[in-house]
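The same chain A turns up in both complexes below, where it pairs with chain B and then with chain C.
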Partner chain A sequence: MMLKLDNVTKVYRTGAFGGGSTTAVGGVSFEVGPGEVVSLIGESGSGKSTLGRMILGLTPVTSGSITWNGTAVRPAKSYYREVQGVFQDPFSTFNPVFKADRVFRMIKEVYFPEVPPAEWAERVRASLADVRLNPAQILGKFPHQLSGGQLQRLLIARALLLDIKLLVADEITSMLDASTRIDVLNLLAELKGRGLGVLYITHDLSLGTYLAERTIVLRRGTVAEMGPTETVFTGPKHPYTRELLAAVPRLREPWQEAEPIESCLYHDKAGTGGLLEVEPGHYVACARLAGCAG
Partner chain B sequence: MTALQEVQTREVPATPPGAWREALHFAVRNAKLVIGLGIVLALLALGLLGPLLAGAPPNEYVGPPMQSPSGEYWFGTTTFGQDVFVQFVYGLRTTFLVGVLGGGIAAVVGMVVGFVAGYRGGLVDEVLNMLTNVILVLPALAVLLIVNAYLGIRSVGAQAVFIGLTSWPWAARAIRAQTFSLRSRDFVDLARLSGATTRKIIVREIAPNMSSYLFMTFILLFGGSILIASSLDFIGLGPTEGVSLGLMLQNASQWSAMQLGLWWWFVPPGAGITAVVGALYVANVGLDEVFNPKLRET
Partner chain C sequence: MSLRVTDLKVHYQTLKGEVRALDGVSFEVGDGEILGLAGESGCGKTTLGKSLIRMDGRMRHIGGRVELDGEELPVGDDRRMNPFRFHKVSLVPQYSMSAMNPTRKIGRMVGELLRSRGVPLDAEKLAARLDLVGLSPEVLGRYPIELSGGMKQRMVMVISTLLDPSLLIADEVTSALDVSTQKGVATALAGFRDNGVVNSMIFITHDISLTYQIADKIMIMYAGKVVERAPAKVIVEAPRHPYTKLLIDSLPEVGVRYADRRLSGIPGGPPSLLDPPTGCRFRDRCPLAFDKCAQEPPAAEIEPGHVVACWKA
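What follows is the complex of A and B.
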């Protein structure tokens, strides 16, 4: 077991005097095993990015716990050595007034101050080769002189310089064009083959299926459905997952309303809004339909 | 990578010009900046070198009273026979000292408070913001009167420190607001993921992104300090020893230079203050154009 989320909740204070509150994430529990690729799917405002930030220790957790190999996650050097993130907007992830390869130097200063410059340059070159970037085209350039795909791969190369075990990829392809997007996804698939775990956060169902062994569907800050990607996509049990799948456009096929579920299938068995294991590894939340007791 | 991208990246020059070299390139071509800084530097040189050439201390009675400007007394003499030119160059020196010291203290305090409040947020921000607002509404003049009455410290340095410690709030507020908008950028998160400390993130990620802004803050505080010092001098709250441009104006006014037609007594210090502050503001506009690509004239 590597990453474990247990009843993680994030509540934001809102209003002039902090009187109001908004629950961004409400009691989410899941695990990401070693070398596992999990996709976290949800629409805007579902809390998926907040979850990603909490896993990276960038946002404190209101209640519940996130543990990495049994110890609570906190923003520390030792944790970031193994868990790294790549964000949505490559142009905002780089400080525009500095050259792009500065991200490597920042890693060296904190983690590898003792490595001689020549050896470090060799490591950077190897890491760039891993993400299929040509060092001559990348080094010494400003971020605005590089493409979005190059920048995202540069950030993955940065993470590879560390002893990285899990990559939190928050919408990393949503700002890229279609062909570059596939390049980056293939790169992630290749890294997965080498044992890297990935938490792939996305709003795009089709991209989620491409990589992930397991899929978690997030809705309004809670897990609606979670299970092996195959199972969730071929036999969705939660009405929200069905709606999402019905909303994926298909060629020459008219839009179809999702097949409605008439009665609450799970509430009786699941108890108070928890997840019900409908088949091994496939969990579904109470749909809270009309007439449902919860 | 697509073929198109490959072509695009190949056309980028191997070694792009550095940000500073690029800024310098535009700086030397910006008339406002060159003229503004030229005037400031010329007056600074006069203030630094002038006293070395002047034979006597500024308040010495060296010549006949009430002489109009001549070859011997370039700016004429006062009612008491003091050389106005000598007073002017010593006054410039004091004025620059007050500007650098007062502006410098205000800039440093403003930056520290602004950066910490803006980056930390929450309770730290609330406390620092309260402090800022308290200083902001403090009647500096009344406080100075009290400080004068109780402590009796009236040197140029003390005046500069007082000005510095009372004029930082607006800078702190402006920098805090800028920091607020920068701290939520992804590159700050990336620096945190790289194990950077808060101090390092502020100094090396956030501050470089607003370097032109910080530079302008200092220029405006510098000019502001000179103006405040001149006003304090003029109303008689200035340093008791030495000479400054504001003190010259006060003396001229006190001894009825205007009514006696001794225009050479009050015109040089007045013009000096106006020139330094005006030239700094012009240079500031030029700097804005140099650092802000959208304002650059091609």
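What follows is the complex of A and C.
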């Protein structure tokens, strides 16, 4: 079970008559294996959500390929049985006039019409237990009667009912309070222990490091740096990664001025000459490392 | 003392009854001080910020007194508050994206705003302020849509403080911004205080690590009440209220890994403020709760400048 992105590019047409174009994602390649959490970190406009949407088949790729177990990804029932997405705003994901647990019934109608109701109820109960929700507090409620954390966990439970192998989690905790956010993260960690692959898309570096084995830092649609989370965070090589890390507010550690970066092409150029493997598994797109005099 | 708030009570009127969003809040902000106001959604932090400048139609001032620079601030009286607004108290709202008139070039809009307050435009001062937040005077010739989120937020900060208010309330000003922009905006805000543009500031955010970077003191709110107030360093390093402790422990920080150190959230949720429980409002979720918590804990000053409302502190 493996998701593989190979040189994926997305170009949006812009302007009144589609005359202009914007490259949202330019030549991104990476893989997510079973039981692996990969965090995709980027600021607004870095193309992180576009990548997530392309992986889920919600937006076509312009060029390059996204494959799941060797076959090209397309929006089909068989694919969504294994790969599901959860997004940022749980309040807009649910239809406000339907009871929240109706999403479970829809799953049954679409994917499992043959399962007898009693067995289905048992499955729902089990998946709610997996996300540590009390069925009595959830079933029969409208979305506005539930908290954001409950709704977000309900969406994960829904994804689990399908026996998914990969979850694309796009900013799933950014609308949650600090005290509930960590519960959702711990839940993902537990599911990962059971073999679920997670692509964790976020702008928040600290949330990304908590879970992920591998971290990919995106900048303007291209990978600036990627590698094992520890390595990227303790020994960032790309000036952009360093700048990001220096800007993260931390407890017990006042902001420092970011260390000055002597003559670096990063400040003048958006694109770089591609990724360079600086140590095993640690890739950096930095012109300086690639043989610039600075 | 710049601001002194005593037992402020503000309720929201809803169809179901009164929501006690602020239920007896007392605190002070010293001259030249930045008070960080933190707490989770629904704790009353935004209500507090709004109460100090303009209550919306659903809000009712039930009781309590607000004094700014020794003068009473008539927070419950919309009309009498008018002379204070922007001259004495000003606000930087969260959504700077929608705070500016999209149909005017920014320079023209600033001129119109000042005229509406009967103040002439001081071009030199405006340029100096723009420089202070790191904007070029060119932005005055542009429309809001031509500015990035961080630039818009800075521009709104400049506009909000053009009349040199004594107190500035900054409500979640950086929560829609990227980390690198966030740092710039937060530092610029602190610069307003450092350069004497404003006397004191209330910096409202849900992000304690961010507050810690710029605030002198931090006040933590829970369910319409102040649970703890202390110098920023003390709140972060030696918090005394169980809620503050749990909240800080639940923050994932860069470098903390699930495999090494498992963080945990706070079980349960805050009580409904329609009919809040008596006694300590955190007691249902509190690991230290005991029978005395059924009585409301008084806000006690356990050290100079460190106020905690907990029987166990």
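In the analysis below, the second predicted complex is superposed on the first by the 269 of 294 C-alpha atoms of A that agree within 3 Å, B and C clash if a C-alpha of one lies under 4 Å from a C-alpha of the other, contacts with A are read in each partner's own complex, and residues count from 1 in each chain.
As a working rule, a residue touches a chain if its C-beta (ideal position, glycine included) is under 8 Å from a C-beta of that chain, and two chains touch if they have at least 3 such contacts.
This one's a predicted model, so the numbers in the text were calculated from it and none came from an experiment.
In the superposed model, A:284 makes contact with neither chain B nor chain C. Shared-chain residue A:179: touches chain B and chain C both. In the superposed model, A:248 lies in contact with chain C only, and not with chain B.
When the shared chain is aligned, chain B comes close enough to touch A:75, but chain C does not. Residue contacts after overlaying the shared chain place A:209 against chain C, while chain B stays out of touching range.
Shared-chain residue A:147: touches chain B and chain C both.
When the two complexes are overlaid on their common chain A, residue A:94 makes contact with chain B while staying clear of chain C. In the superposition on chain A, contact is made by A:110 with chain B only, not with chain C. By the touch criterion stated above, A:58 is placed in contact with chain B alone, chain C being left untouched. Taken together, the two complexes place residues 147, 179-180, 183 of chain A in contact with chain B and also with chain C. Of all residues in chain C, those touching chain A in their complex are 40-41, 149, 178-183, 186-187, 206-210, 212-213, 236-237, 246-248, 250-258, 262-266, 269.
The part of chain B that touches chain A in the complex is made up of residues 1-2, 5, 8-10, 12, 14-16, 19, 185-187, 189-196, 205, 208-209, 211. Residues 43-44, 147, 177-183, 185-186, 189, 203-207, 209-211, 229-230, 233-234, 243-245, 247-252, 254-255 of chain A are the ones that touch chain C when the two sit in their complex.
Those residues of chain A whose C-beta lies close enough to touch chain B in the complex are 53, 56, 58, 75-77, 80, 84-85, 87-89, 92-98, 103, 106-107, 110-111, 132, 137, 140-142, 145-147, 149-150, 155, 179-180, 183.
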